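Two complexes follow with subunit A in common, the first pairing it with subunit B and the second with subunit C.
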Partner chain A sequence: MNMNNKIKWMFLVVAVFMVTLPVHTFAAGKVYKLGLSLAITGPTSDAGNPYAKGVEDYFNFVNDTKMLGEDKIDCTIRDDQYNNDITKRNFEDFMSQGIVFYLNYSTGSTLALKKDFEEEKIAVIPASFHAGNLIDSNYIFLPIASYSAQAIGLAEYIVNNHKGGTPKVALFIHPSAFGRGPVEDVQKAVSAGLKMEIIEVVEHGKDLDNTAMLQRLLSKGVQYVISQTVQSPVATMLKDAAGLGLAAKTFGEAGKLTFLGCHYTGGNDLVALAGPAADNFYWTTSYIITNEPSAGATAQLDLAKKYNRDEKAANSHNYANGMMVAQVATEVIKRAKAKGKEINKANLYEEMLAMNGDKAFSPGTTVGPVTYSKTDHAGVDSLQLYVVKDGAFKSAGTPFIPVYTGKIK
Partner chain B sequence: MSYFFQLVVSGIVVGSIYALSALGFVLIYKSSRVLNIAHGQIIAAGAFITYALTVMVGIPIYFSFFISMVITFFLAMSVERIFLRRLIGEPIISVIMVTIGLMSIIDGLIYLTPFGTENFSFPSFLPTTPISVGGVSISWTQMVGVLVTFAMIGGFTWFFKKSTIGISMRAVSDDQLAAMSIGISVPRVFGLAWAMAGLSAAAAGGILGNITGINFDTLHSFGIVVFPVVILGGLDSILGAVVAGIIMGLIQQFASGYLDGNWGLSGTGEIMPYVILLVILLFKPHGLFGIHEIERV
Partner chain C sequence: MSSNRWFATGNYFTSYKEEQRIFFTSLDRSAMVLLILALFLWPLFIQVDNKYMLVIDNILVAVVAVMGLNLVTGFAGLISIGHAAFVGIGAYTIACFGRVLGENHMLLTHAWPLMIVFAGCIGAVFGGIVGLPALRLRHLYLAIATLSFQMIFQWTINFMDFFNQGQTISVTRVAWVTGTVSRSEHYTFWYYAILVAIVLVGFAVRNLLRTRYGRCLVAVRDNDRAADAMGMHPGFTKVYAFALAGFFAGVAGALHAYLYRGVGIESFTLSHSISFLAMAIVGGLGTLHGAFWGPLAIKILDLQVEQLSEWVGNHLTFATNLATALKPLSFGLVIVLFLMFEPRGIANWWRIVRSYVKLWPFRY
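Take a look at the complex of A and B:
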């Protein structure tokens, strides 16, 4: 073959490739880019790791089952080691890749990037349920009820079930915006008429022994401790209370302490850390749990099984948490597609705001529907109370919406 | 009054566990003048090994506790042999930088296992009813923790004062050149110091894991939490670590018991040990029992 023929053949091959390429691309559908930055390693990775698995598995499920037809979701998941600087770098990189929806993680980074989200006009769902995320923000959407709503819900449960006089309560909180978030709102609820007395707000450290704190609270007549932190300090406190014989065996037992906590204090991880001392711990969240049968629990366990996750991840409420935010993101893409809209930041944001009324979304992994609007950026308003009995969380009552959350607005 | 005594008991419990956790720093510093920044990671590794032996292999926890000490003994010795032996004679800051690198490597390795991101607790093996005397209570976990701590500290004190190897280690700590001139193998002493620090770290990890549950972040952060104890005690003194540990434990408990919740104060149990540390260091810059070296030219 002479040189001219070689060149001709090369042109022919290139031309065929150029002509067929768009056809292949069209056949393969569109790819929608999303991003998630979270702590897969480092502090709080015990929550971040199963969360990431939930997100990853659900998007793989969407693609594998062709839930969006030939279109696919490409969600890049990056570890930020709970470091705000890395989160910011990840977010900027995601934006340069053209993401249309963003999933964030910590309270600190959500607050730090709030302005960036506004500038980029991109809908964001963080794993932080801090009510402060929503102040001066149009683009952040909490997946479930805020920590404030959770703490108020627990406070209302105390008031409704306490026998004799006004219940005395202490708040046991993480020394950060994450922990301090609900304090002011619980105080507002008390001012608005919730009949309980907040005796003390304890900001914990890396305590090896909580004897002094527990004895002090008891000496002040405290009967209930509401925790807003992560599992590890709660586990140490529960172990100390059990070891000193100070933990209530029944709700509100006189002369003893009854412990309650918000989303990140509980779940199977708390039982794993505290062992038998976790018994009678009351916990609230908007997520279902897998040790009670439900369609959502089956879906969660099936998803985890399909993608070969171990028992711990499969049964983690943070796996459900990750799965649920991926469900919401997928749902808005589906809805935008069904309306023939282009899948971009603006249209997905619009679909988020329209997720209410008869368009509320029920993912199954939560105890109530997800609703958003221009004025409501907290997804699931309902909470479920769980209590540890014989080493496992069980439902206590039915889902409820805290009354005072509305009263203090 | 029983409240006061309860705080004293709790302070001693916490303090003695601080002392045990601080011991690893002291043992290495005492012989090689190196601060091992990765000590917290070795504490965590000790807890994980004990857990794995107990739950995954099925060995009774008492035995796994001792086996994990033996494993970390050799693990720490290997770390010294592989990473630090060749740095003998190099500036101390280089060695400390290597321990920082080591910390990252161990972190990374642990994150590759389920221990990095999952939570566990040791199976219950002690009575759950606390020991109560005159209104003062102490849990069995804490009691065993204190006993193990004092047994280990007693053992190390005897070792350094009476055994030939212990005296050799003190000689190396005093003057490496002089120790070499009388036939002491300095590299061997360094290896042994690391090994013993590993052993004490496993003991600390086992006790801490029993108290707080097994969570990597909580356990490895103890390497930093006990740092004020090491500084206050004087870096190279075992007795110093014990006294400083108990002082810190008592200050924490008393601050938490009497200051927190009053006059709008909160979290003083966390801050007060550092305040007292600063005040003491103003008057005793080498810590309570640290050696003040005077160089004559």
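Take a look at the complex of A and C:
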């Protein structure tokens, strides 16, 4: 090819590129930027990792199936290693990129950034269900019932199913805002008439042996232990209880301890960590589980399969958790688009507040609909109780809404 | 001293006074003035995202803290592994005022420079108290004493309701002559505020080292018995070294509180103390500019490793645990490598570069 021909070809390529460029730009639709900062590595990454995958896969699914037509969601996922200072940096980065909706993770960082969310007027869904997130806040939305509601729900289950006098309960909590959150609310529920006695609140450390604690609780007449922490300390406690022969074989067995826990204490990871000792552990969450067939479980497993996730991630309740917040974010974008509104922070916030009544959203991954309003920033109000039988979680009863949550407001 | 103070190729001091100059040559002075001018002027010409401005501010806060640690560990030779607790004291001083007087009290919003100095003073008081064991303890035993202060601090904050049990206590926005500093101006505003603080404390340290009190620090580090025999007071010197370090740390803590607009225990843990110590070692113990190099190097390393960990965590699922370990691993490795191969830190590289430039084109 001589020089002239080369130049001609070059011009032709450039011309084609220039002509097609605007067409592609128009055809590509709009891109809505979202951000998620969470612990992919570091403390709690066992929960953060499947959570991130759930978010990533669902947004990929939205884009691949053209759920928003030609428009796309671009959600940047950043690791913050469970460090508030890094979360703040990530948030500032996302704001510079022009995000319209933000997904956060830990209790600590949600509380630390609360004022920033208010100033930026951006709707935020954290992975933390701490009721304190909602105090003095207009823009934070919990995806499901708060830890307080979960702990109260478990307490109500104890009171309703306990045989004999007043049940004696201990709270086993994480030594942080995340763990301490529900304690005061459970105490309030007791003051408001919930007939149980809180014997002790145990803030666990990094104990590798809980023998002394378990013996102490038993000597004080404790029969039930409600846990609000992560899986590993619960697994240690369950294994110690099983080893000492202190774990109840049936709910409320006299002279033994029945263990119960909130969202982050349970799931398949607990069974993997505690082994047979996890049997008869009661767990509450608002998410469905993949052990039991449902449309939501099928959707979750299909999504994980589509994006080549392993069995562990696919069956994780934290994968469902991540998937669900992505579903809510997508839904508000869809609704705003359907109304012809511009996709921006203000309009998405408005759509979040309007998600109630006949506009409640059922993602399928939860046991009840997601509802938000100006006065209700907790998404799914219903909780489901699960119990480990033969090494797998199974539903115990039907979804319920704790009664005392409303009474202590 | 050389007759030409611009192109001196060596130090030809003819009096002790000359040796005590802040700048040895006019070139040094001019370079410093230009550097400070450049540091003040660049934000006017270059737009930087909030994310990076926050990183820069964070490095500058660490510089203030490490200057203090360098005084006690580098110059006075007293190991302290509770420095983050002193920084926390400064931050919680601001938070306490907020809780007692109300977040938007004039003292916090308008008299913030005074509050920063006051936080430094509280840090100095605690530093002095924690320094008391230094009268009797040395080396590893002193390290354990400072470690215990770190533990007591964390425990106190974590369990006292007044401190919100370690949860974030918010700090308000401050006022400036143009009104309340807005969100868009926040990081640039604090860049300037921290820079002013660094210039002030930097010159303060440089001056301190020219005085008998500064020379006492070095003398006590090298041999406290000899220093005692020379008429110095090793006990007093050790306590004021801790108090000075506490002051700098307190100032850094207050700046951190205002910068992040909140104070939570997570920012002042033992790992932060070790991080400050690493910055001092990597920068160069016992040098003033080591306090600048260390935070810069460690924070940038942190950023790079964070990105690598994130990539590994995202793409190599089976290696998530490895990704989690990358940060502490790289951090520990850097400290070990510096201790083994360059115990004088980056400051020594700077010294080599400087002497090369100073003698250029002649070499020896």
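Keep this in mind: the second predicted complex is superposed on the first by the 386 of 409 C-alpha atoms of A that agree within 3 Å, B and C clash if a C-alpha of one lies under 4 Å from a C-alpha of the other, contacts with A are read in each partner's own complex, and residues count from 1 in each chain.
In the analysis below, a residue touches a chain if its C-beta (ideal position, glycine included) is under 8 Å from a C-beta of that chain, and two chains touch if they have at least 3 such contacts.
In this text, all values refer to a predicted model and were calculated from it rather than measured experimentally.
J.: Clash or fit: subunit B and subunit C on subunit A?
T.: clash
J.: On subunit A, which partner touches more residues: subunit B or subunit C?
T.: Between subunit B and subunit C, B touches the greater number of residues in subunit A.
J.: Under the stated touch criterion, which partner chain does A:P175 make contact with: subunit B (first), subunit C (second), both, or neither?
T.: both
J.: Figure out whether A:T290 sits in contact with subunit B (first) or subunit C (second), or with both, or with neither.
T.: neither
J.: Looking at the overlay, does A:S146 come into contact with subunit B only (first), subunit C only (second), both, or neither?
T.: Touch partners of A:S146: none, neither subunit B nor subunit C.
J.: Is A:L273 touching the first partner subunit B, the second partner subunit C, both, or neither of them?
T.: A:L273: touches subunit B, not subunit C.
J.: Could you look at A:V202 and tell me whether it touches subunit B, subunit C, both or neither (first, second, both, neither)?
T.: It touches subunit B, and subunit C stays clear.
J.: Please work out whether A:K88 is in contact with subunit B alone, subunit C alone, both, or neither, and reply first, second, both or neither.
T.: Once the two structures are laid over each other on A, A:K88 reaches subunit C alone.
J.: In the overlaid three-chain picture, which partner chain does A:A235 touch, first (subunit B) or second (subunit C), both, or neither?
T.: first
J.: Could you tell me if A:G245 is touching subunit B, subunit C, both of them or neither one (first, second, both, neither)?
T.: First partner only, subunit B.
J.: In the superposed arrangement, does A:G108 touch subunit B (first), subunit C (second), both or neither?
T.: A:G108 sits against subunit C, while subunit B stays out of touch.
J.: Following superposition on the C-alpha atoms of chain A, which segment of subunit C from the set 109-117, 145-153, 181-189 or 325-333 overlaps subunit B?
T.: The stretch that clashes with subunit B is 325-333.
J.: Could you tell me which stretches of subunit A are touched by subunit B in one complex and by subunit C in the other?
T.: 40-42, 45, 49, 175, 310
J.: In the complex formed with subunit A, which residues of subunit B make contact?
T.: 3, 6-7, 9-10, 13-14, 17-18, 107, 111, 114, 116-124, 128-130, 132, 137-142, 208, 211-215, 217-218, 221-222, 225, 252-254, 256-257, 260-261, 266-267, 269-270
J.: Which residues, counting only subunit A, touch subunit B once they are in their complex?
T.: Where subunit A meets subunit B, its residues are 40-46, 48-49, 175, 199-209, 211-213, 215-217, 219-220, 231-232, 235-236, 239-240, 242-245, 269-270, 272-276, 310, 312.
J.: Which residues of subunit C touch subunit A in the complex?
T.: Answer in residue numbers: 49-51, 54-55, 58, 158, 165-168, 170, 183, 187, 260-262, 264, 266-267, 306, 309-310, 312-314, 317, 320, 323-324, 326-327.
J.: Given the complex with subunit C, which residues does subunit A contribute to the contact?
T.: For subunit A paired with subunit C, touching residues are 40-42, 45, 49, 52, 77-79, 81, 83-86, 88-90, 92-93, 95-96, 108, 111-112, 114-116, 119-120, 132, 175-177, 180, 310, 313.
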